[in-house]
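Chain nomenclature is as follows: A, B, C and D, assigned in order of appearance, with residue numbering initiated at 1 for each chain independently.
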Amino acid sequence: MRVGVLTGGGDCPGLNAVMRAVVRKGVQAYGYDFTGFRDGWRGPLEGETVRLDIPAVRGMLPRGGTILGSSRTNPFKEEDGVRRIKENLAKYEVDALVAIGGEDTLGVAARLTDEYGIRCVGVPKTIDNDLSATDYTFGFNTAVTVATEAIDRLHTTAESHMRVLVVEVMGRHAGWIALHSGLAGGANCILIPEQRFDVEEVCGWVTSRFRASYAPIVVVAEGAMPKDGQMVLKDETTDSFGHVRLSGVGEWLGKEIESRTGKEARTTVLGHVQRGGTPTAFDRWLATRFGLHAIDAVRDEAWGSMVALRGTDVVRVPLAKATEKLKTVDPALYEEAGVFFG
Amino acid sequence: MRVGVLTGGGDCPGLNAVMRAVVRKGVQAYGYDFTGFRDGWRGPLEGETVRLDIPAVRGMLPRGGTILGSSRTNPFKEEDGVRRIKENLAKYEVDALVAIGGEDTLGVAARLTDEYGIRCVGVPKTIDNDLSATDYTFGFNTAVTVATEAIDRLHTTAESHMRVLVVEVMGRHAGWIALHSGLAGGANCILIPEQRFDVEEVCGWVTSRFRASYAPIVVVAEGAMPKDGQMVLKDETTDSFGHVRLSGVGEWLGKEIESRTGKEARTTVLGHVQRGGTPTAFDRWLATRFGLHAIDAVRDEAWGSMVALRGTDVVRVPLAKATEKLKTVDPALYEEAGVFFG
Amino acid sequence: MRVGVLTGGGDCPGLNAVMRAVVRKGVQAYGYDFTGFRDGWRGPLEGETVRLDIPAVRGMLPRGGTILGSSRTNPFKEEDGVRRIKENLAKYEVDALVAIGGEDTLGVAARLTDEYGIRCVGVPKTIDNDLSATDYTFGFNTAVTVATEAIDRLHTTAESHMRVLVVEVMGRHAGWIALHSGLAGGANCILIPEQRFDVEEVCGWVTSRFRASYAPIVVVAEGAMPKDGQMVLKDETTDSFGHVRLSGVGEWLGKEIESRTGKEARTTVLGHVQRGGTPTAFDRWLATRFGLHAIDAVRDEAWGSMVALRGTDVVRVPLAKATEKLKTVDPALYEEAGVFFG
Amino acid sequence: MRVGVLTGGGDCPGLNAVMRAVVRKGVQAYGYDFTGFRDGWRGPLEGETVRLDIPAVRGMLPRGGTILGSSRTNPFKEEDGVRRIKENLAKYEVDALVAIGGEDTLGVAARLTDEYGIRCVGVPKTIDNDLSATDYTFGFNTAVTVATEAIDRLHTTAESHMRVLVVEVMGRHAGWIALHSGLAGGANCILIPEQRFDVEEVCGWVTSRFRASYAPIVVVAEGAMPKDGQMVLKDETTDSFGHVRLSGVGEWLGKEIESRTGKEARTTVLGHVQRGGTPTAFDRWLATRFGLHAIDAVRDEAWGSMVALRGTDVVRVPLAKATEKLKTVDPALYEEAGVFFG
């Protein structure tokens, strides 16, 4: 049996750890051979491979990113995509694929399995933790940890100058990183994409915090939005790169708070440091277990399945489930955090 | 309503974070007053209290240890213990207790509620993660993180000198810290209390690792034991403090490996750094949620209940459950890790 | 003897550690009393004080920021400033001042001593390390450490996607943070305010790095500037806050690299995380020694002097020296780093 | 020109960073070739080499330990040692050597240059910082940082249980690590090899700390010794490995404090975590600069010289100087720290 491995979508701490576990167990327990495909689905599409054996994964457990590279290539959007993949799998004598990726990458794996009989097993990956089929995805804990350490650092600078510090964290569609790092970092308020915020209310929290002689930290997910009418259209397009993320809500909010409350405000956009670098112990453990169970799924010929965390168990769910529904922050959970606002 | 709070047993990162959440929500959402009792059950027993209000818990989220102090005092082993507690609760007009602690502390709370009608709610605490009623306890992730960082550091020193590094981590009765940090740190083998190890097998793993020109890291829980006959009685009592932990299995194992394999071995006993200091983001989040749910249990008059983590939900379970059964490492889970040994 | 203490200018990890050492030694070795003045020179100007004794500095060694608060208030720009300061010092019976701050704060102290006979001793503070009288200032090592950790994290994300990562670090007038963190983080090139950079040359380094199949990290100080004609005036004013720092050179450079090389580029602006939070061990040691020597200078009545680091010794230099000349990166030192560019 | 590189003595964070800088500048600026010798002087003695070129040093900046391996082999203690080295240098066409190591390694280099005309340049390495020719050695800042983080963690556990925590850090002959980490960590007292301590005085400090309701942290260097008559001979030999370090003074002191003051005491021996793992930003910077200057010394044919840090400059000193005198803690510096004791 020769197993192909690929990583798609944005990078995420733990990708290499998954790969290492897949290869270590595949070789040692089952005697499999491996082929790495470069840059997600681009690899099998264009026949670009990377050597993948035990020496190749040595030292990969603590290393962030992915040694296979990644891309957002979608074979269903390429001419003759499926046929070319089939040809390349045949050419490299690859019998099955372990696809590690998010909604898009796994969606392709699901269709390739279901519609074209290509034997795929999936490992879910999203730093935003917004896949409904699993309690957690690896990388999320690392992002939360990096964001929390940043918030820890910002408290003393906020208090020394009695300023507001706005911290923009990742999370376009789901506020998990904001919620967890905001709670862990002792934020004054947490703004998430799931619920439009009222700038006036935020300013009220900020002001009441100052009255208690604290300096407020406002954690805002990049995808959070103010209520209708509070942000004018031009604010959404000020970014010189054409990315909403960089010019986004954090900077806008800092400016609004400053002008509405009369308090100095500074914005920090954490950006890519949240997704780079070595995974936390939790993420290494989770990624390793996902890898071990993924190769077991290959051995069991559980094509079309994906590994997932449920409580402390790693289970199998249909790949299709991974893309079914975005896991957003439950209103009750968000309300629970609200006791710390203001 | 006036609520008493106490922390018992060994200290653990996150105790202060629980307290802060209990007080913040208790005061802000329910208008409760609070009394801190000093040093676990010694506080209500001897009437020693600490002021506990919102200013007192300011800045406590990231702070390790417990500002209330702790002890292993058991009122059932003290003369007139229950009566004295009742008198002190009356004296300080304390209507209910939130007890944060492990098996012993919560066992007392269970009996006080069930047998004497004292209104208690529990929050589980064990750095060893060995309580069966909850998926995780706070403090555990911090201990695993500290141990993993130490293992990360030891890899390069082991490889520079082609030595064996033995790392003794906490875990008297359960191998959770060893298992998680060993997996996350890329240990060569992991030895846990749940399964007696064979020194010869360990030496075999070490030797095979050197043959692959790696230097092995052996992670051993303080409570791990070799097979019968492999450790002579005097080894168990060499400690100058009278503690088995300090003189224990790590140092013995290093010596054995050295003499049996002919390779240099060094032992590091991580000790108290695993339980001190600021909690990780995960533990701050878990401790905060436990605190919020514990005060909700008080409001709901759910006496005799304890908060617990199930998947991503915080639920209530009977306090008695906390002490029912030690949660040890499942043999299947340990076997899963075995693919990395040797 | 009653000694007043104040902290002026931007906050910096180690301010509290200086204060603690001043108070601990002042009280224990010399029997002095202390008065804290709030918010830099605003405190003695407006008579706003903070209790400052041994209990007040407890736990302050590892804590970032300043418990006295800070400001940029300059008494020479206030009506009757010097007279008001003299009155308040008399009112609070303060015999001497320890002023902890940068160029501006110490410049005021120098004039107050030299021209008005107010007894001042100075402790130099600048996170940018640009004071010529001392080898290092506290806070600088912390900023470099935070920036280096960020660069470490960005390497793997850059490599996974074969992107350019531009990291903008602090340093308006001097490139010390960029130089040290760039060298420590393994940057592909380092751009500093002392030497205008050529965008084409930067793009050449980036391209050659990709040819060697690495992904480049470009570290740029916030005060770095391209050669004349390369940055159009409107780029300097795009910031919605009116701060050059936020909209600045990092984002502009990322965009330029992207359009000139055809490679994806992302910018991370580290911002306030560099100056907040707990000081590193080096900065705690330096701040503590500065504090001990500052109070010795008070005892020796060395008015108008400032403590400074020379090699491993703490020495005294005239306060006036602190403001004499900006310490910028020596061209030879910058050239030394150039071997790693490209 | 072909340059040989070797690393001798105990491992130290920054060795790989030195090597990387030597090779990067040697190849790129001067067109040299390189040969790595394995395990210190054993490499040239036995002709064991490692490929050393730009790809070989890729990613080595942040990596602890040494990819060349290390040993304490001394060619002057081997039969025909010098002749064999000469033959191997000739065989591999190595024209000059860069020796990175401590007193012993550099002492050999000095003799080989002075007495046998072998062209050597040295880079000083000692984690203990006890070389008199340089202000600092790389690795020292990392060790101090690791020790300080451990002390930070131990404070809260000490305070929760009102225990004494004794922390044994590295330093056989010099107390630099103890002094710096003790000051940076806020230790209650610091015991160093340079000055025999009085157990009674230590107990007095401990007791007075408890009276102020703090819990004391005692930092003790592994080479610290009590006054004559306070430690009985058998205490020095209780170690089951035959190492004084492991059984040493920390555990003995904890026991003594416990029995003399009646307070619980716990000992943590930090051990090898202090010398393993990634170097701090400061050490990466210092190691990199040492490497750049060492290869410049080769180009300048400054045989028999060693690089050293003086203030912020890297200078050259005679290799013989490195071994001349142990740099111990100055009594005045130790006394300066004494204000924090008790």
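Following the convention adopted for this analysis, a residue touches a chain if its C-beta (ideal position, glycine included) is under 8 Å from a C-beta of that chain, and two chains touch if they have at least 3 such contacts.
Labels paired with UniProt names: A, B, C, D = Pyrophosphate--fructose 6-phosphate 1-phosphotransferase.
This one's a predicted model, so the numbers in the text were calculated from it and none came from an experiment.
When chain centres are defined as mean Cα coordinates, B lies farthest from chain C.
One inter-chain figure worth recording: chain B and chain C are separated by 41 Å, centre to centre, where each centre is the mean of the chain's CA atoms.
Computed centre separation for the pair chain A/chain C is 34 angstrom, with centres defined by C-alpha atoms. Between the Cα centres of chain C and chain D there is a gap of 30 Å. Touching of two or more other chains is recorded for residues 149, 152 of chain D.
Across the assembly, chains come into contact as A-B, A-C, B-D, C-D.
On the chain A side of its complex with chain C, the touching residues are 10-11, 13, 15, 63-66, 69-71, 146, 150, 152-162, 165, 238, 240-241, 246, 251-252, 254-255, 258, 266-273, 275-278. If you check the complex, the residues on chain B that touch chain A are 24-25, 28-29, 58, 61-62, 135-136, 141, 144-145, 147-149, 152, 180-181, 183-186, 214, 280-282, 284-285, 288-289, 292, 310-312, 336, 339-340.
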